[in-house]
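There are structures below to look over.
Here chain A shows up in two complexes: once beside chain B, once beside chain C.
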Partner chain A sequence: MTREEVYEKLNEVFQDVFDDEDITVTDETVASDVDGWDSLEHINLLVAVERAFGIKFTMGQTTHLKNVGEMVDVIIEKLG
Partner chain B sequence: MSLVSAVFLGFVAVVALIYYLLPNKAKPYVLLAGSVAFLAVAGAWTLGFVLFTAITTFFAGKIAAGKGEGRSKTVAAVIAIVINIALMCAVKYYGVLDLITTDINNVTKAADGSFLAVAVPLGMSFYTLQMTGYVLDCLWGIIPAEKNFFKYLLFACYFPYMTSGPLNHYGELSKEFTKPITLEYENIRKGIVRIAWGFFLKLVIAERASVIVNAVYGDHQTYTGPFVLLGVTLFALQLYTDFMACMEVAIGTSYIFGIKLPENFNSPYMALSIREYWQRWHITLGTWLRDFLYYPLLKSAPFIAIGDKAKKAFGKKNGKKVPVYLAMLVLWTAVGYWHGGLWKYVIGSGLLHCFYIVGGMIAETLFAKMRKPFKPDKLPYKIFCGVRTFVLVLIGFFFFRAANVPDALQLFRALFTAGAMPEGGILATGISLPDIIVLAVSTVMLIAVDIYKFRPDQNAEPRLVTDLTGKLPVAVRILLLALLIIAIAVFGKYGLGYDSASFIYARI
Partner chain C sequence: MKELDFPFDAEYVLRKKKSLKRSLLEREGVKYLDKKIALLGGSTTENIKLMLELFLLNAGIRPEFYESEYNRYWEDAVFGNPELDDFKPDLIYIHTTTRNLKATPDVTMSAEDIDTILENEFQRFSAMWDKIEERYGCIVIQNNFELPYYRLLGNSDVSNIHGLSNFTAKLNLKFAEYAEAHEKFHINDIHYISAEYGIKNWSDPADWYRYKYNPCVAATPDLAYNLARIVKALYGKNKKAIACDLDNTLWGGVVGDDGPENIKIGQEDAVSELYEEFQSYIKAHRDLGILLTIASKNDEENALAGLARPDGVLKKDDFLVIKANWENKNTNIANTAAEINIGADAFVFVDDNPMERNIVESTIDGIAVPDLGNPETYIRIMDGAGYFEVTGLSADDLKRNEMYKANISRATAAASFTDYTEYLKSLEMKAEILPFSPIYMARITELTNKSNQFNLTTRRCTQAETESFAADPNYITLYGKLIDKFGDNGVVSVVFGHVNDEVSTPDCKIFDIDLWLMSCRVLKRDMECAMMDELVRLAKEKGVDKIRGFYYPTAKNKMVKEFYADRGYTKVSEDDEGNTVWELETKGYENKNSVIAVN
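Right, the complex of A and B next:
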């Protein structure tokens, strides 16, 4: 899966989780950029991403991803 | 050795002198020797407990981060964590060690003959959580296991934070311990200012507030109505200044060694919601619980399964919140229990706050409708939110400081009772008029500093008390520091008959 394809799918997940069809994420997107992405919603998002891509984040990744770019790196690494 | 004492200042001066005289390679070992001495003064049993936790978690971390099979790594981590948490619970809550009191008293008698005075290790709740976090960080691959036991032991018993935190992650603090350190004016300046500010908070404010607090919480017949409100509000002030004093001295002492510890407070009483309050109060505990309890719970298979079922039953939007509510219940029960195994803590600092947050989430649609006529960005609405949040926190303090839950309920009753004014009014509590003036003026100073430190975004790096004077000319800075020290010397509550060792959080 290319980075672009990952982003295409990831945007759908973000739009679904945060109920906002206008969300478009990039490498630099962080939690404070997305309305509703707080510590309460964080795990819901990660579980939705895991399901969409058929992967599993470790607990380390769950708490230490700095931005969406790092999340995409992990997804590509796990898919590869 | 209390952090707020002349002995402690002397101890820091001696350790710092040796620390800066020796080369960088030797510095961590100087801190380790100082820390072991600090713990030894606290009692041989304290040192023994810390060593036990350090050894078990060090080896568990090694296995957990090793190349072995996944199951054995998890088993090693779980065993070490369960042993240490169980030990903490046993020592702190069940008085299990009372069973062997006689034997231990034969070996190590406390001055007053009591066993617990020597046996309950200093800061056990803090170092147990900190080292448990290390094992989990190793297990989850966030950090490699430390190879050098002595370096790990320094993390386990670094004396500035041994009384009551702040809580640290090994990944961050180990870099601080091993970085090259030179004697820097800024570090010493920040260290001294923060220690002095800590002494001021504890000796001038907290100890004065405690006179009225003790009287009001101790006599519900005499003190009713507005006295109760004043007593509980002053307890909020006392707890804040007492705990923050401990943090200021801990962080300031560490600055002197060139080692930066995380901040633990960020103007908490200016929070606009209970959730925000907990992002500003005891920050390192909140982060620890989020990373090591709340997130793992929500990511566990049973909680995900509950979420799936709830979504089917209540719809996607409401259903996905059900596991969050359950995880919150576990989290807040743990917070309450961690503060002490009594119901007054479980309710006052746990379940009540869970009720506020979960209740707020459930009723969010209703609250959104109620908010509509107001302008949420305007100052009056923000003041309303701030006052409301503070009142909700105060309700928790009715329980937290009371002797027990029935006592807290009596205090509520006293609040709504119109009793006779005690003879002498507020002076009947034992506080003098000059003390009231000092308390009022110093509280205004604290509020001014907190307003300066406050940033509306709770996740933004907080301003510090040292930033307040950082840009002033050196002569003015020295003058201000001298005034602060004179204020502590003149107005501080210390001396014979006063026990500065009794930090509220040191008992937790």
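Right, the complex of A and C next:
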């Protein structure tokens, strides 16, 4: 899966989880850019991402994510 | 909403929870039952709350939530807090898991040590429940314990007293005993659903250590659905009847084509055994008080021949009504519902054919129509949905099919009389009309939450409320139990009201009827006359001059719109929504009942 394809799928997940069809995330997107992305919603997002891509993050992979770009790096690594 | 009906896609529900909630709230014409639910958690409850809200809204219950701070469940319950006190919960859910145990056994402990920590651990919980009863008097739903995440003693963990599996099994038994002894206390059986989900995923340490979620986030829809089953049952949302198809539903094959000797039922082969188990499963519902009926496209003769198979489990007599004809099934179900006097929305329609299911589902509002899948999944789908969740078995439940059968006999008898009063007299009716008493409190409370049609104010009550009315000298409370020569109908009518000091004057003492309901199974038996006679008599004893009755229209109670007019009351007001107020002078009231012997 290319980085673009990952983003395509990831945007759908963001749109569903935050119930906003206009969300488009990029490498630089951080939690404060998205309305409703707090710590409680963060876990729902991770679970939805895991299910959407058929992967399971390890604890270490998710505790230090700085932005969406880093999340995509992990997804690509997992898929590879 | 189909997306939230069992078997739902948990992943989808989690991901789409916000838009699902939006769609639920956008539905029109839903009359919600409002309930205040306090969630006291030993782990994070945020997602449980969101999921529970979806499942309850879908069932017509609109919850308002209080959430304890993380892991403050015990303190909130035992010491209370002003916020929770102000909230006045109708129901408290205590979400604790094996991770919340304070003391657990280890191999250095003696048998006595382990008994002591077991007792202490149980006391820690039971003291909390007792405190809740004292402070809030509300319903409590408490998790039992899931199997431990690991087994230090391997297989001996379950059999050796030092094992945690052994320890939680004993605690679960103690919780169950407490539930057995306390009517308002219910167990949310996470021991079962966690096993069904798979304990290694349920207790995912990653979700626990990162977010203090137990179970894992992905399992919260399963947990919440299971919890919603109990809440729905407690608030009268259970189904009451099954309308069952025959061919390829209760047996394999088509009896009209294959002949009764060739349909698959019994012990002949794997498929026959599968259908036999399903028949046993359906038949067991009869003893739970669920009404069994048939809606089948068949010649009646063939349908009965199928049911006459000696190796079948279900027999003709197990069914209250059998509609085997070539009418549409929605028409047949509507007719069956009318014959036994329950709403068509109280049915679960069980049919292997997706086309038939689709027609029934789209023509009968509120009916449950499970997607049964293949014969090997029928039981799992029906069972997981929880249409008939049991929250207390009454003697009435066990006899319900007989009672409805007796009703049908009465209807047959009625047809042979030309004079209706003569018919009523021939029933040799006897009624017990008395103030609420402890042995009927559960049934009385159940009726206030279940009755929709013959219900003037649709006032829903908790058991704590019904108990408090019974104890209040300002109130008159009455239950009515009706017996006749065909059988005992059980408690069928509930009435209560109070002397309203705010509107009474020294010359005119006014009594307000807060609730008047009757089960439709005793319609047109003059039971309401007997109840009114008794109410007026007791009101007079209290020195009441005037009784006020109220009618609040709902989607279902049109049949009692003129109830008070028929009892001799005068209408004094009506507002834009059709709410009416009625009055009766107690002086000069003449008894209306002449066919039922009272007390």
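Note that the second predicted complex is superposed on the first by the 80 of 80 C-alpha atoms of A that agree within 3 Å, B and C clash if a C-alpha of one lies under 4 Å from a C-alpha of the other, contacts with A are read in each partner's own complex, and residues count from 1 in each chain.
Operating definition for what follows: contacts are C-beta pairs under 8 Å (C-beta built on N, C-alpha and C of every residue); 3 or more make two chains touch, one makes a residue touch a chain.
Note that the structure is a prediction, hence the values are computed from the model and not measured.
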Legend entry - First (chain B), second (chain C), both or neither touched by A:32: first
Inset, instruction - For A:64, decide between first (touching chain B), second (touching chain C), both and neither. - result: first
Inset, instruction - Answer with first, second, both or neither: which of chain B and chain C does A:13 touch in the superposed model? - result: second
Legend entry - Shared contact residues on chain A - chain B and chain C: 19, 39-40, 43-44, 47, 58-59, 62-63
Legend entry - Residue numbers on chain C that touch chain A, as the complex places them: 11, 14-19, 22, 44, 46-47, 206-207, 209-211, 213, 217-218
Legend entry - Residues on chain B engaged by chain A in the complex (per definition of touch): 136-137, 140-142, 290-291, 294-296, 298-299, 304, 307, 317, 320, 324, 361, 459
Legend entry - Residue ranges of chain A touching chain C (in the complex, touch as defined): 13, 16-19, 39-40, 43-44, 47-48, 51-52, 57-59, 62-63
Legend entry - Contacting residues of chain A [partner chain B, same complex]: 19, 32, 39-40, 42-44, 46-47, 58-60, 62-64
